[in-house]
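Supplied in structure tokens, the structure appears directly below.
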Amino acid sequence: MRNELCTSLYAKASPVAAVSSLLLQQMKCSRAAGAQELSQELPLSGVKLRQRQPMDYFTQQLINGLVLGSIYGLIAIGYTMVYGIVGMINFAHGDIFMIGGFIALITFLILISIGVTAVPLILLVVLLVAMAITALYGWTVERIAYRPLRHSFRLAPMLSAIGMSFVLTNYSQVAQGARVKPIPPLITGGYTLHESADGFVIQLSNIQILVVITTIVLLLIFNRLVLRTRLGRDMRACEQDQTMAALLGVNVDRTISMTFVIGAALAAVAGLMYLLYYGQVDFNMGFVAGIKAFTAAVLGGIGSLPGAVLGGLAIGLIETFWSAYFSVEYKDVAAFSILIIVLIFMPTGLLGRPEVEKV
Amino acid sequence: MTALSQETVSATRTAAGIPFILKKAFLSALVALVLFSLMIGIRTEAGPDGQLTYWTRFGELASIVGIVFGGSILIELARQWIGPIGAEKLVPPAVHRGMSILGNYLAPALLIFTLLVPVIFYNQRYILDLAILVLTYVMLGWGLNVVVGLAGLLDLGYVAFYAVGAYSYALLATNFGWSFWICLPLAGILAAMWGVMLGFPVLRLRGDYLAIVTLAFGEIIRLVIINWQSLTGGPNGVTGIPRPTLFGIPLDNSDDGLAAKLGIEYSPTHRIVFLFYLILALALLTNWVTIRLRRLPIGRAWEALREDEVACRALGINTTTTKLTAFATGALFGGFAGAFFATRQGFISPESFTFQESALVLAIVVLGGMGSQLGVALAALAMIGGFELFRGLEIYRMLVFGWAMVLIMIWRPRGLIGHRAPTVYLKKAQAISSDLVKEGHG
Amino acid sequence: MSGERILNVDQLTMRFGGIVAVQDLSFSADRRKITALIGPNGAGKTTVFNCITGFYKPTGGAIRLTHDDGKEIVLERLNDFRIAKQAKVARTFQNIRLFPGMTVLENLMVAQHNMLMRASGFTFLGLVGAPNYRNAEAHAIGLATDWLKRVSLLDRADDAAGNLAYGDQRRLEIARAMCTEPALLCLDEPAAGLNARESAALSELLLSIRNDLGTSILLIEHDMSVVMEISDHIVVMDHGVKIAQGTPREVRDDPKVIAAYLGADEEEAMAVMESGS
């Protein structure tokens, strides 16, 4: 029933508008996935569920929000790292995430067609291939579009990034077609956490667990990478002062490249998680997801890795709860409004350092 | 002697360069192979029953990798022969000066030509339509130029004001039946009010934060238009928007139409020509007002704000109102352009007001050389005209546009017209090199 | 007696987080006099300046400005641009802040923004070319020309400010501040980076601003030759507190001042002592 609703909305919209709001529709469909089986059994609307079992409904939304937030967090790390080191919004990062999703999809398809059936093996191979190739995309974008402009006027890299974002979006549209690409569910099953008397279940699916665990593990790994390794030290040095870092023997070009590579690899993970969780990708999913992830990075305090994940979770939760309690249609409006409000009252985000104006 | 040694140096460099070039081209091809292996080598498609299928395209993959290999060799050779790729080096300063002198005559010549366009191309509907489109973007570019070029506030959501103008006219005209000439100023004023509304929250923001907030604002407006179906018709848009009239005289085939009144034979081209002169007048109004404003204290304060906000405050300039007036002025012109767009199309929907439009207008302003009126007009002509060349290749259009943005930024980060004209002078107006002109903090 | 004092700083305290930059500082500046604020690096001089000119909100204390007509203005209650606009306090910056992409003349026109704004009927009259705006603009250009003559930059009027030599930029910044027709001119290290000849010219310029125009000046300066030559009154700060004040002669002989400078920087201490001999 929910899916029908989604498609009917989709059909009503004119094609371009529909495509651009596709992400919205998809998330709406998938968000409801948890409660979908139930709604088939019991003709209860979301509103009634909300009223009858407020706590259960809340908990389910909390789970859904955390999962969505983890995906945003993974993308946000890429934004925050790049902003920290070269001080630019990598507009193409959302599209790198989209490319990651596509590469995961294609790898997945190849593995299935050559007869690999072990799910853990598939996941591992898809993860590694997607990370590797997407990382190369990140590297190439930096090399072509940003490096020549590193010491140019500040607006130039930003416009170049916007251009690159268009290139990537359109490239995958041309290369893979405009239609949404679905995959069959790979990871099924889950746990029923709680079942109330009138049949409302709080579900925690395996895929949700996977998304959250992957995010946490990767965050820990990369946090360690930035804090403990030579590369991480070089990154932090470049963040402070590129000229000084270069004088002290840090290879600035290589360090910046590596930042883009790592950010893109994490975006690829997010792309894979998105593919697994929502079961589909399309060429246009990068833009809105990218802006929201950037919102997350800003909310968390740009430049801070834990901040990015925290911001991601916050945006995921806000979006999910807004959809659940207010209106699905305006959930993007809510996310963007929160970005504006945060920047007005907390320009440095949750974990960012305050900026003192030098006179 | 020196020339000779230089020659030998470059000769040896080229000689030593051949293995280097090949190595570089080989590496580029390798990177391309990995990048495109899955995305181009394999094509996925969703079947009718939702089943995903795929087929291979190794031929295409091979040819693209080949192109990258060859292209890489060519670029590297060009780089060694010409030196580092950069517009400033390709175009000697003397030519720049010549261009600026030419610029003095270029603007009037361009204006006269534009005035004559409907006469010259009277029977070529396509060219007239294209000219109207170009002029619409010239106007948008000039409007955004106030915000970005003069005040130095980066606005990625300019399309929001265009949308507000278009919807204001469309809704006022369809719901209340008000004429274009009443709705036009209203549309502008409403857009300007939205400009102030956007301006308030972003007053304290700097740099990329300002950019992202304006972008979010543009998206919010678009999403609200899509979702507020009872008012805006949602994704279906507004249809049946009245055509403009010549002060009450419709330009149609009716008995009290202009053609009948003048006693000439009706032709649909009349309306097109009228629209052409309408947008030309609006664009010239924008240009005139902007040029006037630059010479007034408010315009100088905008430019001073772009140069140094702290110094402005120390001189007693109210930076809040200065920024707000910049946003409002830019939005006002965007609103006018939007109202024109609505009356010209007769139909508007949210898909005309996407982020891509904002990016296109911003690209026009930056390519034009921020702050330069002539540059913006030339850039709009180049961009929209260039876009039009790819009309047949619709799906590659954004790909080409994206690459154009990247390459233009690398080629000329400061735009076509890279100098600023002073607003007041004692003895002689001297153009100021863009290297000195700041970009502002937004 | 309030007519004698243009600026009264009373118990001014400024904290950044846990760091106390200025502690209970009280001093005053006399009308039509040059008051210098000196002290070793990190003494908190620029912080005091930023409090007076509204760039920082003081944590505590009061800053009062009395205009010629006896009107008293509490500066810490005004925010940023109003201090320049209403209280008529103009300032320059330690690291020059001109509008580099605008011409020298344009820089001086921007300084007269508020006057021109009123004359242009807040843009609307100016847009239609009202004659009284044209008169106001001509007057503004006249004032700017006067100042360009004073700082001997008249022949550079149509050059970009960013193209001027360092010393010229310093003088232009002072001229720009003076074009706001201030009651109190605050100069943050105006002689920094100038050579001996330029410093001498600067001293002359500041003295003529005081003598000919009667503008009160408050300056921070490291160049002791300038300070000792032109100051009427000197306030010495160290570590955020006032350690001495008085005429140049009194300050020069004050053992506390010498100690502060000795503790901070031998060279500067020598400069203080040498200027006394």
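By written order: A, B and C. Residues from 1 in each chain.
In this section, a contact is a pair of C-beta atoms (placed from the backbone, for glycine too) under 8 Å apart; a residue touches a chain by one contact, two chains touch by 3 or more.
Every value quoted in this text rests on a predicted model; they were computed, and no experiment measured them.
K.L.:
Hey, if chain A just vanished and nothing shifted, what pieces would we be looking at?
P.N.:
Leaving out chain A in thought, the network of contacts stays intact as one piece.
K.L.:
Using mean Cα positions as chain centres, tell me which chain lies farthest from chain A.
P.N.:
Between chain A and the rest, the longest centre separation is with C.
K.L.:
If you tally contacting C-beta pairs for every chain pair, which pair wins?
P.N.:
Ranked by contacting C-beta pairs, first place goes to A-B.
K.L.:
Which chain has its Cα centroid closest to the overall Cα centroid?
P.N.:
B
K.L.:
I'd like the Å distance between the centres of chain B and chain C, where a centre is the mean of that chain's Cα atoms.
P.N.:
The computed centroid separation for chain B versus chain C comes out at 44 Å.
K.L.:
Taking each chain's centre as the mean position of its Cα atoms, how many Å separate chain A from chain C?
P.N.:
52
K.L.:
In whole angstrom, what separates the CA-based centres of chain A and chain B?
P.N.:
30
K.L.:
Touching at least two other chains at once: which residues of chain C meet that condition?
P.N.:
55, 93
K.L.:
Note the residues in chain A that touch 2 or more other chains, in rising order.
P.N.:
If we look for residues of chain A contacting two or more partner chains, we find 357, 359.
K.L.:
So which bits of chain B are touching at least two other chains?
P.N.:
310
K.L.:
Tell me, which parts of chain A touch chain B in their complex?
P.N.:
The contact residues of chain A facing chain B are 12-14, 16-18, 20-21, 83, 87-89, 99, 102-103, 105-107, 109-110, 113, 129, 133, 136-137, 140, 144-145, 148-149, 152-160, 162-177, 179-183, 287, 291, 294-295, 298, 329-330, 332-333, 336-337, 339-340, 343-344, 347, 357, 359.
K.L.:
What does chain C use to touch chain B in their complex?
P.N.:
53-55, 80-85, 90-91, 93, 97-103, 105-106, 109-114, 116-117, 120, 123, 126-127, 133, 137, 141, 145, 154, 157-160, 162-163, 176-177, 180
K.L.:
Give the list of chain B residues in touch with chain A in this complex.
P.N.:
Within the complex, chain B touches chain A at residues 31, 34-40, 42-46, 50, 52, 54, 154, 201-202, 204-205, 207-209, 211-213, 215-217, 219-220, 223-224, 226-227, 234-237, 310, 349-351, 354-356, 359, 362-363, 366, 370, 395-399, 401-406, 409-410, 413-414, 439.
K.L.:
In their complex, what parts of chain B are in touch with chain C?
P.N.:
289, 292-293, 296-298, 300-301, 303-304, 306-308, 310-319, 325, 420, 422-430, 432-434, 436-438
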